[in-house]
Amino acid sequence: MALPKKILEEKLRRFVEEDVGHGDITAFHTIPHGTVVEAKIIVKEKGVIAGVEEALALSEVFGLKARALVKDGSKVMPRTEILHIEGDAITLLTIERTMLNLFSRMSGIASHTNRLVEMVRRAGYKTVVAATRKTALGLGYFDKKAVGIGGGDPHRHGLDDMILIKDNHLAIAGNVKNLVRKTREKASFSKKIEVEVSRLSDVLEAAEVGADIVMLDNLAPKKIEEAVQLLKKKKLRNKILIEASGGITERNILRYAAAGVDIVSLGEITQSARALDMSLEVVRVKKGSSD
Amino acid sequence: MALPKKILEEKLRRFVEEDVGHGDITAFHTIPHGTVVEAKIIVKEKGVIAGVEEALALSEVFGLKARALVKDGSKVMPRTEILHIEGDAITLLTIERTMLNLFSRMSGIASHTNRLVEMVRRAGYKTVVAATRKTALGLGYFDKKAVGIGGGDPHRHGLDDMILIKDNHLAIAGNVKNLVRKTREKASFSKKIEVEVSRLSDVLEAAEVGADIVMLDNLAPKKIEEAVQLLKKKKLRNKILIEASGGITERNILRYAAAGVDIVSLGEITQSARALDMSLEVVRVKKGSSD
Amino acid sequence: MALPKKILEEKLRRFVEEDVGHGDITAFHTIPHGTVVEAKIIVKEKGVIAGVEEALALSEVFGLKARALVKDGSKVMPRTEILHIEGDAITLLTIERTMLNLFSRMSGIASHTNRLVEMVRRAGYKTVVAATRKTALGLGYFDKKAVGIGGGDPHRHGLDDMILIKDNHLAIAGNVKNLVRKTREKASFSKKIEVEVSRLSDVLEAAEVGADIVMLDNLAPKKIEEAVQLLKKKKLRNKILIEASGGITERNILRYAAAGVDIVSLGEITQSARALDMSLEVVRVKKGSSD
Amino acid sequence: MALPKKILEEKLRRFVEEDVGHGDITAFHTIPHGTVVEAKIIVKEKGVIAGVEEALALSEVFGLKARALVKDGSKVMPRTEILHIEGDAITLLTIERTMLNLFSRMSGIASHTNRLVEMVRRAGYKTVVAATRKTALGLGYFDKKAVGIGGGDPHRHGLDDMILIKDNHLAIAGNVKNLVRKTREKASFSKKIEVEVSRLSDVLEAAEVGADIVMLDNLAPKKIEEAVQLLKKKKLRNKILIEASGGITERNILRYAAAGVDIVSLGEITQSARALDMSLEVVRVKKGSSD
Amino acid sequence: MALPKKILEEKLRRFVEEDVGHGDITAFHTIPHGTVVEAKIIVKEKGVIAGVEEALALSEVFGLKARALVKDGSKVMPRTEILHIEGDAITLLTIERTMLNLFSRMSGIASHTNRLVEMVRRAGYKTVVAATRKTALGLGYFDKKAVGIGGGDPHRHGLDDMILIKDNHLAIAGNVKNLVRKTREKASFSKKIEVEVSRLSDVLEAAEVGADIVMLDNLAPKKIEEAVQLLKKKKLRNKILIEASGGITERNILRYAAAGVDIVSLGEITQSARALDMSLEVVRVKKGSSD
Amino acid sequence: MALPKKILEEKLRRFVEEDVGHGDITAFHTIPHGTVVEAKIIVKEKGVIAGVEEALALSEVFGLKARALVKDGSKVMPRTEILHIEGDAITLLTIERTMLNLFSRMSGIASHTNRLVEMVRRAGYKTVVAATRKTALGLGYFDKKAVGIGGGDPHRHGLDDMILIKDNHLAIAGNVKNLVRKTREKASFSKKIEVEVSRLSDVLEAAEVGADIVMLDNLAPKKIEEAVQLLKKKKLRNKILIEASGGITERNILRYAAAGVDIVSLGEITQSARALDMSLEVVRVKKGSSD
């Protein structure tokens, strides 16, 4: 989750390129060439800020001077100024929407994640709140980074990250025990193996043949608790991490945490998070008008 | 909103490329090479489907045979099968998440848009429900297309699409009257000009100097209604379109429609729409296991 | 027509990359490493300069210091120095041809456009002189920008810019009246609609059903004048813009202007404009020879 | 000048991608989905055709069936049909302008080149008519290929192609004799070396120290003839090729040929050639209207 | 290590694009257009073949029909035909070198890896023979895949793959114990953590605070054996994998295996492997010569 | 072999981008944000250094300050410090492997090439030691540049560089004499023509019809000497360059040089060169730890 600035800048430059097409015809025709302005970004609702590093990189790559007034992860109240920018007015207006779209999406994800994490912590659980791969296409890096800023775990980023044997793999290629064993033999030692299981017996077998993590998908908290207890009884609890997934939301997350799992993962924090409302306001025109 | 299939395919190919990194290590290690399967995509909740063309193109570019069971824009009930796919199992599992992420985002946007459009229509208004540029970065094309499928208007796609003079342009470069007039003189005849206004007098002036559309941003419905009446009185109502924007949601949209505007635009339909829940299920393994 | 400098730079960088292949083997083998020179670009014939912003951006992205001696749009006489550059000699010689090719193409287009615009203005007409999409592939942005600098109108840039229903669309999908009406209903409010017409009755119908512009393609000036008069008689002249296109050249442009159209468009200003002759001359070797 | 079809296709696909932006909104809104048409490309003026291979590749990559009715290099009369295309109507209209722009540019270049080549041949000379690097940015491959089809020589394509020591290199780094000698020692044996010379003595020295070609730039035909005679006298004529360049046009080319040079090169054949007028006409609608 | 064919094809296409530049001028000028040939690829020395999937994909993307005569991983003797190709002669000669370069590099790496793996197996050890990140830039995927085909372990592919705390991280940020502990707390549960250690005490601490793997870099086999024994004594041997790295070659690899490590890793198998000699021979000209 | 720095930087940036994926998770989690370090690159074995320009460009593009302590082409002894770098610690560790992989590959190639060149020079021959196109895919520029730094000749870079008629072209399209003659007529004057020959009579004919270079592939030195003598006897030795290729190695290279050829070319210097061992060591932590 730490792209070098130069790599990040190129990603952000391309987003602007796509939006700008053959030019920002509004700014071009309205703003006198050479106008310099100061502007600020204001958050309009309560939340956790994410995207500061990206906003700074975006400003820098387009030649604007930006200063962050809060850090990634800060909790802010409505009307908080989070970024101050200064520079060429046409450029600023051209990148405004790209900056806001990224900032408000990342902050929305971080805020939602953080709400869940705090709910779990306040209830006294150490359960990891994790994302899934249900991210916006092309925005996986940013979505996952925002989850991390909100206190969550990004989980695997892509298909090359960790081995995660799911229901469809099992439907095609065999049972949990055999598939985990075979995969452990063939795959690189550098990779963890997670496997989705739906029956208690599979949980045990997965742990025995060397899975690092089991995913209990769409199981009721009660069933999950049974699995946890069974592993404890068989002295396998420490050998394996347990992830609960499927149908978990703000309303029922504590029941999963209470069931004793290590990780709960939710698609909604990246897939359906509300953007955090914010806007950019020009606060001073420093030079210009002579067009 | 009509990309040639070849152009669309390349966009989709790149999304998979990003997700797959150096390979889908799970499918590679678990599924016997040469396995062929049939699968279906099932929608788990009620909604309007969007993304069928994309799902077909994605399948085709990766050599899978897909058949759509519904059209874009169809309203479906939970447990409806919307796509049937057949082909190489490893490839299918590799593109599964990309396909679902796009399909469920687009369908979520179309569903949300459609709910608003139907609410407006049922109340007897012809008001256009439009999107804004608050889209996910890099996904503008898909987000806007989904809005259209849901019955909404995509509004401008990018900065090169239409001239839209907003508060920040006005803050920097002059009043509505002068800026619209100057822009009308300089800009290409092929472009419409829209201007954001906050005072009734500006609405009149905008219409008089040749703006095609006025955007009434963050104005109360009552104020908006006054503006509409004023334009009618001055015989300018037919010369200009009126768009209401800012703070419009499912809860208050009808009041804006009732105020007599031509267009209402909402950021939330692209920025904060919930994804429509769907999943891919393997239904038959046709060949394989001999690995 | 206002790309942010960073976006422009990347386009220009790619042009050099293509030309340079695996290296400028001439400069590499002849010029001592570390040589610094001053050079100037001289125009060899009379014309209107376009491409100054591009030449400055190209210089900057490759680490050369350039200073423009004229502005875009300036009329210059033969032997005018238009740019002064200083920096690493090998780099300068490597980008020389790219810079000159862009500069002289853009200036050629601006000069040709300007000649037509001035001819029209001197004859007392306000007719807009517009380009078409007959641009060099991949150079549309630069060609259109040069047209604007020459005083012309870029017209639509690409297929996503404005709706332009042409003869082939009509041949396939229906008559002017029906097609314009249907399109007005389906297309975004943010887009203008232009339609090509060949009969007087179609001109009227187009205006009535809401076309923003009619294109009279390959019609004799006399016929065009009839159309203009007819619209006036029906009180529709102010509702619609009229564009004449097809077969218009320097020799007959005034007759089209006289016919009363709003816009004349010509493919030749981008497709067949002569490049403006210019060259780069090294004027001082400041450091070097120690290779 | 022989790109594999797959490489060519990708270049052409990108040209369409740039033009199409977020979609061909005209075709999308007017043409019923699924419509299939037949169309033909007609040349409207006399000329030499170039671009057939490109038009076929462009058609193929977008799923259209095209059949060429003439070969590259064919001389055609006005109203000749040169290509017949069949396929999806929306796709065809989307790529129409890209296809015509490339076809008419390449044919314009081939036609202009061919006129010069034939003029030279009819006058009884074997002089090679060559292009320069004064091509449209990004279109070098196509421009040079068109020159070849017209019977000309493409000359070097890019900076990595041949060593060409020009006036600016000499101004910075030394005299002809020393620079050619040093370059011959350092450069790869696989490269030819050409050097620009302005004095007769330099011609001799260039030949003596191993230049493969001398370029006589902006020299009067009479001066050039002297150089040729001098080389003959010194028995060096067979050791070196002589290229005349600078200020050569249709009007004076025969005088350069008569002077006895091997090659004449002209910037105008790529930089200022008129496009050959052609258009695409739909000739039959085979399926559709059910939209 | 399982890229979908479509993704692989695009990578391979780009390699050819780079090599072909503005065209394969040899094939273009010598081979009659339309010539079809059959050819075969012959291995000239003993080895293990890798690159079959790539060669087939490369053939397919360029429209050639290829048939593999051996599988990836096959051991072959000199003069074995491994691939049979048929198709357009110009295209085949254009891609010949790209195909051979990839095939012979991958086979060279697979052969070298396999020699080491067999040496270790024959000596009775189960030690994993692993690669490092010392791959050719841009070829990591292919280099690692070849290691796998040779029976080795690819180890981590990139910087996002597994956490590997090396000497420089320790030099900057703290001791083994603290850094592993802190990293385990902050990093995603989905990632393994490996740490480089140089002292026996660090080995124990790494195991205790949750490292998944320890890397013993540049330690003598004797020292390594001590570490292994110590871990056994402390009952920690099963909690952690041990990798030996640094200075391991064909000559000493068995001594490291004998020391009881789980993994030995060697940079030389990707960085300094000899390419396996192979060549492409045309065996039949099926059509042509009519040029 | 002289890419402008800006072009080079983009190539290098892309190599890092590929390696870094979604982030250097090790540096991100271990190194305190804001830490600044000094580091050095040390060569561990004797060799010739190549890649200094690349290492400096890579440092610069990622915002690190680097200073070279040796020049490209320097011969160094073990433990020589060749580069000193200072800057952000996370960035430095992220690009470390990319820098070392390029540096050690290029230095390995330069060292191997140089050993051969010196062997030939010490034996009193002027024979050029040349590379082939057997380079790592995508690394051709760097491989060839390293050959040049080692004192060798890069030979042709790509398929567009020089005409090289090989055995397969001859097998398909005709004999040496006819094919060279036809190619000389059709190809650009700017290109050299080389032809592979296997019989003495072909050598003569190639020289007579205008080949610039003959390649004697896989011929014994004795046979080659006969060819050289024959050319001398026929007074054709000065008209043509002779290249020996195929099976040439460190062990037999002098025998080929002694045979009187102008050039010997070897695939192994790029395809099978051992990387030069080097490493990066952090030498000072200047700021940090406050994370």
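Every chain is named by a letter (A, B, C, D, E and F) in the order it is written, and numbering of its residues begins at 1.
One rule holds in what follows: contacts are C-beta pairs under 8 Å (C-beta built on N, C-alpha and C of every residue); 3 or more make two chains touch, one makes a residue touch a chain.
Model, not experiment: these values are computed from the prediction.
By residue number, over half of the touching pairs seen at A-C are also found at C-F, the match among A-E, C-F or E-F.
Residue numbering shows that chain C and chain F use the same positions for less than half of their mutual interface.
Per-chain Cα centroids separate chain B from chain F by 51 Å. Inter-chain centre distance (chain D to chain F, centres taken as mean C-alpha positions): 32 Å. Here the CA centre of chain A is 44 Å from the CA centre of chain F. Residue positions of chain B touching 2 or more other chains, listed in rising order: 20-25, 27, 94, 140, 157-158, 160-161, 188, 191. On the side of chain A, the complex with chain C involves touching residues 13, 16-17, 20-25, 27-28, 61-63, 90-91, 94-95. Those residues of chain D lying in contact with chain F across their complex are 128, 130, 153-157, 160-162, 188-192, 194, 213, 241, 262-263.
The touching residues of chain B, counted against chain D in their complex, run 1-7, 10, 140-141, 144, 157-158, 160. Residues 14-15, 18-27, 29-32, 35, 37, 39, 89, 93-94, 96-98, 100-102, 104-105, 108, 133-140, 142, 157-161, 163-166, 168-169, 171-174, 179, 182-183, 186-188, 191, 267-268, 271-275, 280-282, 285, 288-289 of chain F touch chain E in their complex.
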